Structures are given as C-alpha cells and as structure tokens.
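Labels A, B, C and D are assigned to the chains in the order they are written; within every chain, residues are numbered from 1.
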C-alpha cells in the first residue's frame, strides 16, 4: 500500500521536474537552458553522478555544470568513475563538493593531488569500477545522473553505439529509485539503429553542440614497441601462456601486452600454440589484436568499452565481437568487469611501481590517479567455483591448504625494471604509502594490486613465480631476483637467487626456452599502424594522430 | 659526462674469435654503443671503460658489467661504452650482441 | 621569425664595383642576377643573388637557364657567381615540388660548365649562408668574399637557439674552434674562402687575377689545414684514401 | 607484412643486410676511435664512427663503396670528421672507378661543429660529380623518416640515382622549421600524413626525383641497388636541358597548388586512398608515373 511517506522520493522528483517547467519541451531542452535546468533539478545534499570513464565523457553537461557557482549548487556528494576534465576540477575549486567517491583521475591526477594538498578534495574513497557501480545500488544511489549517448529518438530512447560502457550501470539505479536521468546526445534522430536505454528511464535530453568526448585509449602504435618488450612478451608467452594453457584472459593497456598480441600470429604460431591459448578475451577492441583475429586465434572478445576507429572492423567481425542486431559493436563496463573478475584464467598488466612485497600502485604525492578496473580483474575471485586447466594448475602450484580453493587466477605483472628516465619500477616502499596520501584516504594505502593476489612478475630479467613462494622472505628474494639493476635488485644475494632458480621459482629467459638475441621487433606481425590497417583489409580507421600516409 | 674504468674477473675468451672487434648499438637518446675488442690484455679480466651522459648510476653500471663478466667468458677483452642514457637492460643486451658478433661473426 | 636583414649596399653598387661600366648589362630581376660583363677586358658570365633574397625553385631555374645559355653560346667563358642570399625560404609548396632537386639541377649545370672548360669563381658579396651558399656559390673552383659579407653556417645566437647550448659556451669555444664563428675571416681559416677582399682592394683587379689563376681542383681541405681552422678534415680524407687502397 | 624493416635497422645492420655475406670491410673502423673533438668539448657523447660507417663491400659479386649514416647519432648530421669520411669515400670511388652508395639518414650540417660540416658537404658534392664525370655510378638510398634534409638533401640530388621507400623523406627545410616560419595553418608539422605527402618517397617518386620506390625491406633495397650499380647518368647538355624543361613544367603545373593530392592526381594516381596504403612497386603500379 502506498503511503505518503513511501512516495517521498517520487514526489520530490516530480517537484524537481515541475521546476523545470517551460524550460523544456517535454523531455527535450535546448543547450543554452542547461545551466538553469541543472540549478533547478539539483538540490543541496544530493548524490550527483556524472558519467565519464577513461574513454567516454558527458563533457557538455559537465562543462555546463561548471558554469554554475556555489550559490547555485552546494553540498554536492559527487559520484563518478573518472575525474578527467578540467570542468570536474572546477567544481572542487568553487567549493560545491562536500564529498567525492570515484575510481580514477588519470589526466587530472596532478590537479587532484594539488586539491588534496589544498584540502579541497573531500574524498570518501577511491574505488574500482564495479565496486563503485555496486554502491550505486546500496548507499551511493544517485538522485541525479548526467549521462552521454550518441543518439536519441524523439521519444527519448537512447542508442549507445560502441561505447555503451557504464551508461546502464548509472541509469538503472538512478531511474529505478526515482532519480533524474539527464542525457546529452550528439544528435536526435527519427529512428535509432537499436534501443540501448528505453525512454522510460530517461527524463531529460539535450542535443549537445559538440559530440561527446571519446578518448582513443587502447591504440598502441606497434612502431613504439621495443626489442626489450618483445623479449618480455616472448618470455611471458613461453613461461606463462604456454605453460598454463591460458585460454581466457584480459590484457591491460600497454606496449608489453600489445607485443604479445602481435607475436601470436608469428612466434605463437611457430610454437604451435594456436587453438591452445588466447581464445576468449575480455578486452576492448584493441587494434593490435587485429592480426591475431585475422589469423584465426580468437573465438570471442567482450569489451568494457569501444575504441575510436575500430567501428567498421568490429562490425565486420561480428563473429568475434559482441554486436547488436543492427550489426554494430556493443560494450558494457560493469558486465565486462564482472567477466574479467570471475570468468578468465589470467589478468596481465603493467604498473608504474611495485614494492618488495609485490604490491603495486600508480599513485604518488604529486599524482593521485586511482584504480579504474584493473583490480577487479587483477585479484583472486574467491567466489569462483568453476575449474579450468590454467586455474587448477596455478592453484596446485600455490600449495593450497585445507581451507583454500583448489584453483587460482593467474595475476601477472609485466614491467620493465626501469620506467622512462631511469626511474626504477621496483622500490622498497610505494610512494602511495606516503602519510599525507594515507591521511586523505582515511588510513588506506591506494594499492592497485595486492602482492598476495599476484602470481607472477615478468621483467626483462625473467619470471618470478610469487604464488610458488613459501614465505614472505622468499617472495621478497624472488622479486629482487627479477628487479634487475634497480636499488631493490642490487640487494639480491647470488646464492638465494640460484636456489630459487633451481626450484623454478625464478626463471631466466633461457630457462623458458627464449634466446634473448632472438628478441626483435621483426617478429611482430606488423611493426606499424599502417600494417594494422592492412591486416584489417582497410576496415580499421586509426585516429589521425597515428596516420602518416 | 661521467667516466669510469674498472676490470672485472672473467673466464678467458675462447681463443679463436670471429673477428678482432665488434660494435653493437648506437649513441642516441636512451641508447649506447659497446665496442668489444680482443687481444693483448690479461686473460683473466674484462677491462671496462664507460663514458655516460647521465652521472650518478655507477653502482648499476658496475653490477651489470660484473654480472656480464661472470656469465660470459670475456677475459682478455676490452669493453668501451659511449652512453647516452641507456637503461641497464640495454647495457646487457648490447654487451651480449657485441659478444655474439665477436665470437660468432656478424649475422 | 626574423625576416631578411635589409640590404647594406645596393646591388647595382656592388656590381659596379666588380665589373665597372660593363655591369650595366647585368639584369636584376626579383634580386636574381643574370647577364654578361667584362673583367680586365675579358667577357664573363654573371649569375647571382642580391639584397639577401631567398632562392626559390624559380630563381634556381633562372640561374640554371643562364648557365646553360652561357655553355651553349659562350664556350669557356668564365662564370662569376655572386652570393647575397639568406638561403631558401622555408616553404611547404617549394618542398613539395622538390626544391632540393632544383638546387641539384643548378649544381649539375655548373658541373657541366666546369667540364666544358668554364672557370667558376664565386664572390660572396652579402649574406652567404646555409642552402643558398651550398646550391651554387660553394661549388666554384675558387671562392672569394668581400670583407663586408657574412659567410658561414649561422650566427652563434642562432646556433645556440637550435642546439640549446648557451651562446656564451659557444662563443668561448669559437676562440679555439673558428668553425663555430660566423664571418668571412673565420670561414677563410677553414679553407672555405680562398681570400677575403677588403674595402681598400681594387676588386676588379683581384677578380681578374682570380679568374686567371683559378684551377678546378678542390683545394679547400688543404687550405683549412694550412690555415689551422680545419685541422682534421684533410688527414681523415687521406686516411680513407690510404686505407681503401690497401 | 612482418620481417626486418630497413628503416628500423641500424647503419651497421643495413650494411650487413645489403652486402654479400662477410664482404664488408670498414674503413676508419671504431677501434681507431676517431671521435669529434667538438662534441667532446661541449660535453655531448661521442661515437666511434662519428655517425657514419664507411667501407667497401660486394653486392652481387660487384665491388662497391658504401657509406651509412647513423640517424640516431646527432640526427645523422655532418660534422668535420663525418664529412671528411664521406668526401674521402667518394674520392676513393672516383680513383678506383667503383660505384659508391650512400645510405642517407641526416638532417644536414651538424650545428655543433659550425661551418666545418657545411664545407664538407660542399666538398663531397664536388667528389660526387668527380665520380659522375668518370661514369662511376653514385646512388643515394633515402629510406628513413630522418631522411635527407638540409645540405644532405641537396647533396642527395647530386647523385646519379635515388632509391626511396615510403618512409624516406627528401627535402631541405623540415616541417617544424616551416611551421615556425609560415604558421601552423600553412603547415601543421604534427599532421604526419601531410608531412609525408609533402616530402615523402611516394611524392618524390611521382615527381621523378626518386628513381625507384621500393618496399621497406633490406632485400628490396638490395634488388634496386643491384639494378642501378651498373648504370650512370651522364651530365651533358642534352640531360641538363631536358631536366630544365621538366622542372619548369613541374613548377608551371603544380606551382599554384598547396595540395599534394592535386600533384598525386596530376601524376596519374586515380585512387588516392588505395595508393596511400600501397607500398613500393604496388604504389608505382597504381600511379603510372607521369602519365
């Protein structure tokens, strides 16, 4: 039975919509009215969600929001995946925000660090994607969500095209709790290719004067892959992919893993691994995966987001990529993260810093970035029950006790021992454990991937199998053994290293059958972007900054 | 620029090498060249001369060179390095390439 | 960016100084000089630039055409090349059309003239820098410079701006390394210029003598070593010749 | 599509890949340690070959002199030693009547050494024409994005033949210099497609400034060399008059446009997009140069 009390939220929403009044024609509003409408639909104390991850941004709405002043908007509890735009920073500078809960602040990492120092960044917590989406259903349910879509029809149905990403994860909790969903769209059309969000869940729509921002995030130019990265890729292929028969996997964004993708049709083929490894992928449509797909390695690819320039290719290869009935690519960030958590044999990615216990982070005092999605995949899902070959093999190596699961996900960190500019990757203590950062984060050190979750570290020196280590001291020795000539590596003891090598816990390239002198870019399926276009039969349209023809 | 010279104990180079010298790498940003020469020196050590544009990494250099001298029979050789900020991994890689050229010839 | 420095002496005055009354027959069109004149009673062909102009594709073609004309109509007539040019103007269309090839063509024409017995004498009269000097002036049998000419790769200030090496450092080094200095005198120390003619000199007589004594072998490395401005070049070249003869 | 790319090889690797196995003999080899006193004084790392590897070798059994510039070392720029090695090599080629090949990778004069490099380039030009007068073939291979610029751009055009790849660039002023001079609107140096269409191997081939356009592979360069090392192009009245006409005509046809695609179309390219993606001989087939 409906009582007045149980309908409070609904009534409140109705009041807000009423305040919009004649500023809208039905659901549709003109761009110049947006700041005033935002002022009328957002109330002090609201949980406000801004859509924007590391690729797609509701940038028009964010920019309009940033034109308001504290007198218009205050005490906002901001929830959002990625603090990416200058407009986001503006909201903090103007003092509108009473709390923020977010995942990642890549390009604005420096600005966020400055806000923290100025005590203008009241952070609740830094999350992983699915952790934050989950809280949208529990204690961080948005009252107002500002979202982005490429197209709307005249009823307010939305088409999300390749970059569905996190839109459903924001709209559902908002729409089903009497919140307001306000969408910016690139264009309003009579008929949509397909309906991704029904009009029923959308309250306001504006045709933005410029298309939403899309970042080409996963485009790695093969020309920038080095011989050293090829060496590491060969070592990883032999020492991990081949050894564990990794069938389902996620690759991080980086040149190391791009090198692996480009070695599959050449080196991988020579090793006879086709059909044995790398069949099921949870990755965005990586351009560097094109040669492997064209060579018949890949059964399926599910993605958390799209990639600029891959639209025609993914549509043409709907046998591999998830596509809608209209034939175009479909992504879903929340479901992709879930798949990466439970359903893959291996996560492999890079990091800026790894400490002596195997913890990694990208945060420092002058750059507060955060997590994004990597930790959802780079962790042990203890809720997993289904076995695979790789999972069982890795589990057996970890010597499970009577109270632990029989399997393990492979969580691999693949790093060069030095970053650009001779900055060592391996450190005794993470920059992220700086007291000022811990204080701002309520005592939590922002660790990307915990050492306990990591099974292997691959460097140009070799592989350290952390899962096979039997003590903290042993794990530290294994990390030192592959830390090269960093200060951490220089502390290794020859005898310890030789002992670990004898037991297979540390493996040098030659121990997994790789001759370093063989490692050469010439092994890559293609060495430049143009080659990727050729592999795609002209279906890949790289962003202009990558085109030199 | 920082310069240093040091000899590291190493097992003698195989008596027959393919050529008297070998050069690997190029001097360029983040890269280095290694000139490896054989002949006319004590057989039990690898003599190293390093000139680097980035000072302050002597410990890493010495460790990398010592490891190489330990792993490869390079006694009696002279190593001369012109460096423009290469990471240690390239030091090892170029040494190995120069060594292969010296002992097995180009190819 | 800096535009070309304004002319110091008018082109006509320079021509008159070099060729006397016979200079009148030399045409100046868009600062490109072509024509014939006389030196010590002998006919010479004149090509060149003035007013520190830029040499573009068209200018290179006009100079080349005149050299071809001279070869065809005036066999063995000495060719005097005057240089006062700031170089090639950085221009995308010129590059697209292959400016380097236009310059290469001009050099080929001059080479043909040399092979056919024309003596080639250069006088740097104003700016003689960069590509403009390389594309014809430096290709002569013998190269001279008026002491008012600015000869060389580029001034130290410009060198410093591109290399990011402080000008003071380059300035100091140029005391022992004349190659870094800018001007006719240091350029002569390198052997790049046979002799520098001063304001007091009778340049017509000098030019006459230059033509009379010129031979076609390239003596610059020898000069550079003898004068101490370029100590290495000759020996290294000799070493290459010696090692390759083994 | 995969394999060893010529433009990614080092100077020494290129020579090893082009020469008959084991035939290369280096002159003024690294153990002689002939390094630049200028760079040393400026605190800049020196190199044992001063950025150019020279020597003689055999290609298909035929003796050649070979020089390879090291683009990574100070942009392959020409200093006193580098330049003197180059001059000496062409003089040796003239003396011995042996073809001379220059693998170009240079931005021109090495500014750190001032006018010495400029004079060396002028001296080398004289030596190249000495070869040509003796019908000793001279060949420039321009196949990397560092390419042939400044004085070395001009010098390359003095050789009998130029072999290019789509990666190679030939010019005098580079895009960054031109952008500074003309403004970003006239030339955006970050627009890589425009940069390559302005100075890249394909456009140079279409216009006739490159004699061969080959795949970015050492074998392809070697094949082209094999075809050209026996051939010299005379410098005579007929040849310079024909060239004069050709260059005049080029200026008349294309001097008024700033759009490289107009040049491409004018030189017989029908499908610009397909030609942009094509490489070496496939491009040449699509282009029907000059038709």
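Operating definition for what follows: contacts are C-beta pairs under 8 Å (C-beta built on N, C-alpha and C of every residue); 3 or more make two chains touch, one makes a residue touch a chain.
Just so it is clear, the model here is predicted, and its values are computed rather than measured.
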Using CA atoms only, can you tell me which chain is the most central one in this structure? D
Larger contact count among B-D and A-D belongs to B-D
Taking each chain's centre as the mean of its CA atoms, the one lying farthest from the centre of subunit B is chain C
I'd like to verify one number: the distance from the centre of subunit B to the centre of subunit C, where each centre is the average of its C-alpha atoms, in whole angstrom. 46
Per the C-alpha means, the centres of subunit B and subunit D lie apart by a whole-Å value of 32
How many angstrom between the C-alpha centroids of subunit C and subunit A? 62
Cα centre of subunit A to Cα centre of subunit D, whole Å, reads 45
So with touch defined the way it is at the top, what topology do the chains form here? Options are line, ring, star, complete, other. other
Considering the complex alone, what residue numbers of subunit B touch subunit A? 54, 57, 59-60, 63-64, 85, 87-90, 93, 96-97, 100
Subunit D residues touching subunit A - in the complex, by the definition given at the top: 1-5, 8, 166, 190-193, 195-196, 276-277
Residue numbers of subunit A touching subunit D in their complex, please. 266, 520-527, 530-531, 533-535, 538, 544-545, 547-549
In their shared complex, subunit D is touched by residues of subunit C numbered 1, 57-58, 61, 64-65, 68, 71-72, 88-93, 95-105, 107-109, 111-112, 115, 130-131, 133-135, 138-139, 152-154, 159, 162-163, 165, 169, 173-174, 177, 179-182, 186-187, 190-192, 218, 220-221, 224, 230, 232-234, 236-241, 243-245
Write out the stretch or stretches of subunit A touching subunit B in their complex. 227-228, 416-418, 422, 460-461, 484-486, 490, 516-517
